[in-house]
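In structure tokens below, several structures.
Two complexes follow with chain A in common, the first pairing it with chain B and the second with chain C.
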Partner chain A sequence: MNIRPILLGVLLLIVPASSLAAPLPSLSALASGGQHVPGEVLVRFAEGTTARARSAALSSRGHSLVATLGSSGWTQVRLRAGQSVEAAMAAYRNDAAVLQVQPNFLYQATTAPNDPHYGQQWGLKNTGQTITDALTQPGGTALFYTTANPGTAGDDLNLEKAWGHITDCSGAVVAVVDSGVNYTHQDLAANMWNGGAQYPKHGYNFVDGNDDPMDLNGHGTHVAGTIGAVGNNATGVSGVCWRATIMAVRVLDSGGTGSTAQIIQGITFAVEHGAKVINMSLGGGGSFDPAYSNAITAAQSADVLVVVAAGNDGKDNDGTTATYPCNFTQPNLLCVAALDQSFGLASFSNFGATSVDVGAPGTNILSTWTGTEVPPFHDSLNSGWSGSTTTGGGWDYGMPGGNACIVDPSGYPSGGYNQNTDDRAYKTFSASGLDVLTLDVLFAADIADGDHLSAACSASGGDPFAGGVLLGRVTNVATYPNLTSLSIDITPCESSTMSIGFQITSGNSSARGAAVCGLGLKGLAVDQASYNTIDGTSMATPATSGVAAMIRAYNPRYTAVDTLTAIELAGRPLTALTGKTTTGNAVDAMSSLAYIHPPTGVTVSVQ
Partner chain B sequence: MRRSNLGVLLSMTCLACAGPTATAAPPQEAPAVNDNRIPGEYLVTLQPGADQAVVSEVYGRFGISSVKALGGNIFVVVLTRDPGPKAMDEARAGDARIQAVQPNYSYRAFK
Partner chain C sequence: MHGRGRTLAVLVLVLSLGTGCGGGGGNRGGSCSNSCTSSGATQCSGLQIQTCGTDSSGCLAWSAATACPGTLSCNQSRNACTDHQVTISWAANREAGVNSAGGGYKVAISAQPVIDVPYASGATTPTTTIAHLPSGSYSVTVKAYAALDAQGGTSGTSSAASQSVPITVP
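This part shows the complex of A and B:
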């Protein structure tokens, strides 16, 4: 038998066969379903009944033997197809050889972890609690998803019953293909994949091309914690799996961005090193990506389940713009939407009747974080800037649209920058003690073809275009009147006297120019004990991956498709997901664990 | 935990300095709306047995900034001048040693 069924207990308070004629509450309970194993009964034969006589009693009713339960006289019996448990019990009523008969009742233990913040993890156990922002990082926003907070008790992953059967999913390696994982975190370190001497830091970094997949964003660590933060360790939070094997695969940079090249390398690494589940809480819009699709197909060939996020644009992925990888169609791909605390579809969540499969908790999700975020600093853009020009004019303070900006030319958006000019503006800032320093810029630009708008920084201060680090350079752009946002990792420039600057250079041409109307700095210091509460389909995805790991650890011979089928078909039907997903179901850990169907890929030979 | 500090330290007065005049860059094909491709970056898949030099041979005219092997005969190529996906594919069609070429797309965390 390849499948481990959920523990089937034997009711110790036995119903005598002779009493079956009387009304029995348990029988009416059966009609409402769900408390016994369908298609099975337990029969207790009288002492001295031979095996031949037992077999004859079963076969005469079209039944078959599942197991003899020790020396108690009890026999586990499988009924003929279509027969109800109630009818089968009645069939044994007048058999003198039968002392007792009863349903094969299901027992479900409930278990809760002792982690101190478990009470805030509504996705694991929804008691109708209000989720607070006590553990929200200052670099992010305070809780902004106020809908359904508090939500509805019981609208959760139904894990406490599942934990009565399994909390240790370490037999199924889960690859977190993301911004990395803080493998030193107090709630994750014990659950990281052992990569041996070749991968001593539990994975690989395809952003920088080295063996250190440390998370410099936070996103991947949050995802990892939802899957497998150490549970019941009286520390922090619990994962869906209390014990897990998490492989850290870094494909997104500190700004949370990556490319096809990095992702397909990450998938290949995960597949080649034994992952059974790949979590990818990432995506992009627009174009079909053959190389990415091929990597998922390779994962399919290696029997790896790939769980991905639907996206956070609040749109229909089946509409004019697809979202990949969600819209790929491989049978080992499971795409997840985000649910709120009352199991409504989160307002930001993408959906798709043919592309998005299930829903899972994705609002106000508390999990591990990679470090402490420094409260962001926003420059006023109305003082402290220095400038230079080779032609006169150049950068100045301005108020286009009523917002404080630095602009070139001074009359922006009227007029234009000078021809054959080199206009620079820069300012000195201080940043220290950070592992990541990120520059957020909001700008508008009309730059002629061949002219350039550039950004640079310098650790030594002063003019960053004289020996500093070039951060970006654009030409032939026209965004006016729209503002464009940009997030850039400027960690190499971090110092107590660092400078940041902007430059317009031109040839024999001119255009409207540029306005920088937002400039923020934010920092992150990696530590071992940070947590954060955030929203996203990114958060719903690892909840599903954790359940997938649980199923594959419980049934090691389940294929990726078996696991996906159990999650999809045994989910909880939700009106909110009807017509919005392929199944209309929310992920239900206990039901998926109990969902038993013939495993695929198993052959039986008769000799 | 490391001590963190972030803030404006000081401001500086205007300085006048001369800098080099930028030369005009070759035309670039900008990505279309809803196209998440990274400008100037492509994945080139070579036929089995083909040498990496084929990449430079076929696409060198667009100015190759770097070529990196990803495994599986796939290379990520960064060009100094982006001719656009159509021109890249036309070049592929003219050389049987190249199996496929596509843009290197950008993806982001869904948080």
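This part shows the complex of A and C:
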């Protein structure tokens, strides 16, 4: 999963009413150098120039009066047919009665949503602001991506101009193939796909095989918010699309892991249920995966655009190790790198002159989150543990390497566990009100072949190996002196009297044993109003998917390849992406919206 | 118009009576065998043209074939020196802006005025236009355009040109 969490915790949005900004219409010149009304100029006559003299000045040049602009001294003038604005301005410049002359410039209202945290969404509108929102998180220091924060004004998706033409992308269904989506979130509920009676929860869950794709990680909800958090609702944040149709397809578990089988089922579901864009902010390295590739090809046949992440290893995907799905080559596949707040390539972002296509904002990205994360609890591992043994040895407290651990045998790493033993250690914890409870373990284990180190939990407490839930077991391993980390979903054991335990069982053999030197619990409580600021190519990908949905909704006849081409060719050229992507361009929503393909299929017949 | 036509008919009749010849094609025993029927009429001979006129015998006959003036050539269906009708077609663009008010296509034929094919009504802008071209070799390209520009304004945007298609008008 291509995510770099920069803050583990919850972004609590405590927003005073006074901070709910009103809509922000503004006037801006359409271009430097200016677009102007053809056939017109504005002329400012010297004070005291009579109306008759003004009229004569105009008529002598073949011009006519359109309007006198109040008492400003300015006169709006219509030129004679065929005369350019430049020529007309030159004609007035040597007239002593004329103080100034200029084009009648064109302006337009730009459009900004009234969501209270829009000002922190630099990817949508970069004013050179410093991103600070996650500092409101409780419990510690936020670890922001510190490069280019603040960044450079104007280095963004160029959305405000695009929003002047379209904010409703709901005509193009976007499937978020990810860890699910919190479809009850206050900024997402109104923009979820309507799956009818068959899919009442707006998608499908291929992790658990049911119709509830609720996000138990946060990643998918963050992605969905970037694409289509309800905009201009005076709540939270805005998506690239203010109105969207988001299909939730859960293929990653609460730990953010999914298999080829789950992913291709997710892609197939999205294709079969009308998605026009699939967002896949996920990836893995190494080998070509033919089943995965076939699913992308099926999406191509169904005219579905697939937008994927470049990866977060800071490496060249064209090098020795490819990153999939980015390195697939189907024409409906668009791979996205992450840009920082000054449109430099983010330090963690993968790149590839033949595999990565465009860049988009991917650092310090504020978006929706699935719920409140309970700050991790870490056990001291030096008290409160109960134990049992069938051979007189068993678990004990120890200090291998100077760290507090529970160990078996007691002299670990010297000696070894007993033969034909069953040694257990367990402790009672309390956890409630959570939707996800995760156990993080740091351990070393040397276990002989056929012997086992096991972990278990029990909701009812006591010895978890007596009727509890077996979480995992290993055999024939030798990790000492290295420590191995493991995250396990123990939600089924959640209770106020739950227990967690470890066990070594052996036959006629022995080995060095085991040490558990880190044990933490962290929880997630799904809610409807959480937000988070994180970074990754996972965040750049939905920014691009949102723009893709916008373009397909604006141009309903567009194909997936039309959309991809408009994004690629109408992007903003960046030095930072030159030679590192296929286009060298950053995504530019307005330019892509205005892009026109060269006509094709020209035929000529002579009669 | 009708009155002048009758006058010309009478004049031809008077001339015929004056020469004692039926006109054109050779005087055989005082009667003409005309190879054409109306003085001034034209017909094609390949890309060249012939004109009906009075020959040395006083009869109506086709002149020797002569080249058409300038770059024109003889149009078989019209029996006259004309340019040629050229039909240019292309695939419809899928941009909404091309197929709505302010959108359309511009057809460029080398050394000829650009032909504007604007959106008029309905779902799509026309994708065919007709030009009349004298003989020669040409290249044809098509651009699509829309009112929306890349700055979000309405000053218009044009596509790059299509691939150039060469044509030869005989």
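By our rule, the second predicted complex is superposed on the first by the 478 of 607 C-alpha atoms of A that agree within 3 Å, B and C clash if a C-alpha of one lies under 4 Å from a C-alpha of the other, contacts with A are read in each partner's own complex, and residues count from 1 in each chain.
Criterion: contacts are C-beta pairs under 8 Å (C-beta built on N, C-alpha and C of every residue); 3 or more make two chains touch, one makes a residue touch a chain.
The shown structure was predicted, so the numbers you read here are calculated from the model rather than taken from an experiment.
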| item | value |
| --- | --- |
| First (chain B), second (chain C), both or neither touched by A:A162 | second |
| Comparing the two partners chain B and chain C, which touches a greater set of residues in chain A | B |
| Partner chain(s) touched by A:F465 [first = chain B, second = chain C, both, neither] | first |
| Touched partner set for A:L593, first chain B, second chain C, both or neither | second |
| First (chain B), second (chain C), both or neither touched by A:F429 | first |
| Touching partner for A:A299 - first (chain B), second (chain C), both, neither | neither |
| First, second, both or neither for A:A570, with chain B first and chain C second | second |
| Chain B versus chain C as contact partner of A:I534, first or second or both or neither | first |
| Which of chain B and chain C A:Y558 touches, first, second, both or neither | second |
| Chain C residues touching chain A - in the complex, by the definition given at the top | 84-91, 93-99, 105, 133, 140-146, 148-153, 155, 157-163, 165, 167-170 |
| Chain A-touching residues of chain B, taken from the complex the two chains share | 1-25, 27-28, 30, 34-38, 41, 43, 45, 68, 70-72, 74, 76, 100, 102-111 |
| Contact footprint of chain C on chain A as seen in their complex | 30-31, 35, 106, 108, 110, 161-162, 164-165, 554-559, 562, 570, 590-591, 593-607 |
| Footprint of chain B on chain A - complex, ascending | 178-179, 217, 219, 222, 252, 256-261, 263-265, 268, 281-287, 289-292, 309-312, 321, 324, 371-372, 374-375, 377, 379, 383-390, 420, 422, 424, 426-435, 437, 449-452, 462-463, 465-466, 475-477, 496-497, 503, 505-507, 521-523, 525-527, 534-539, 541 |
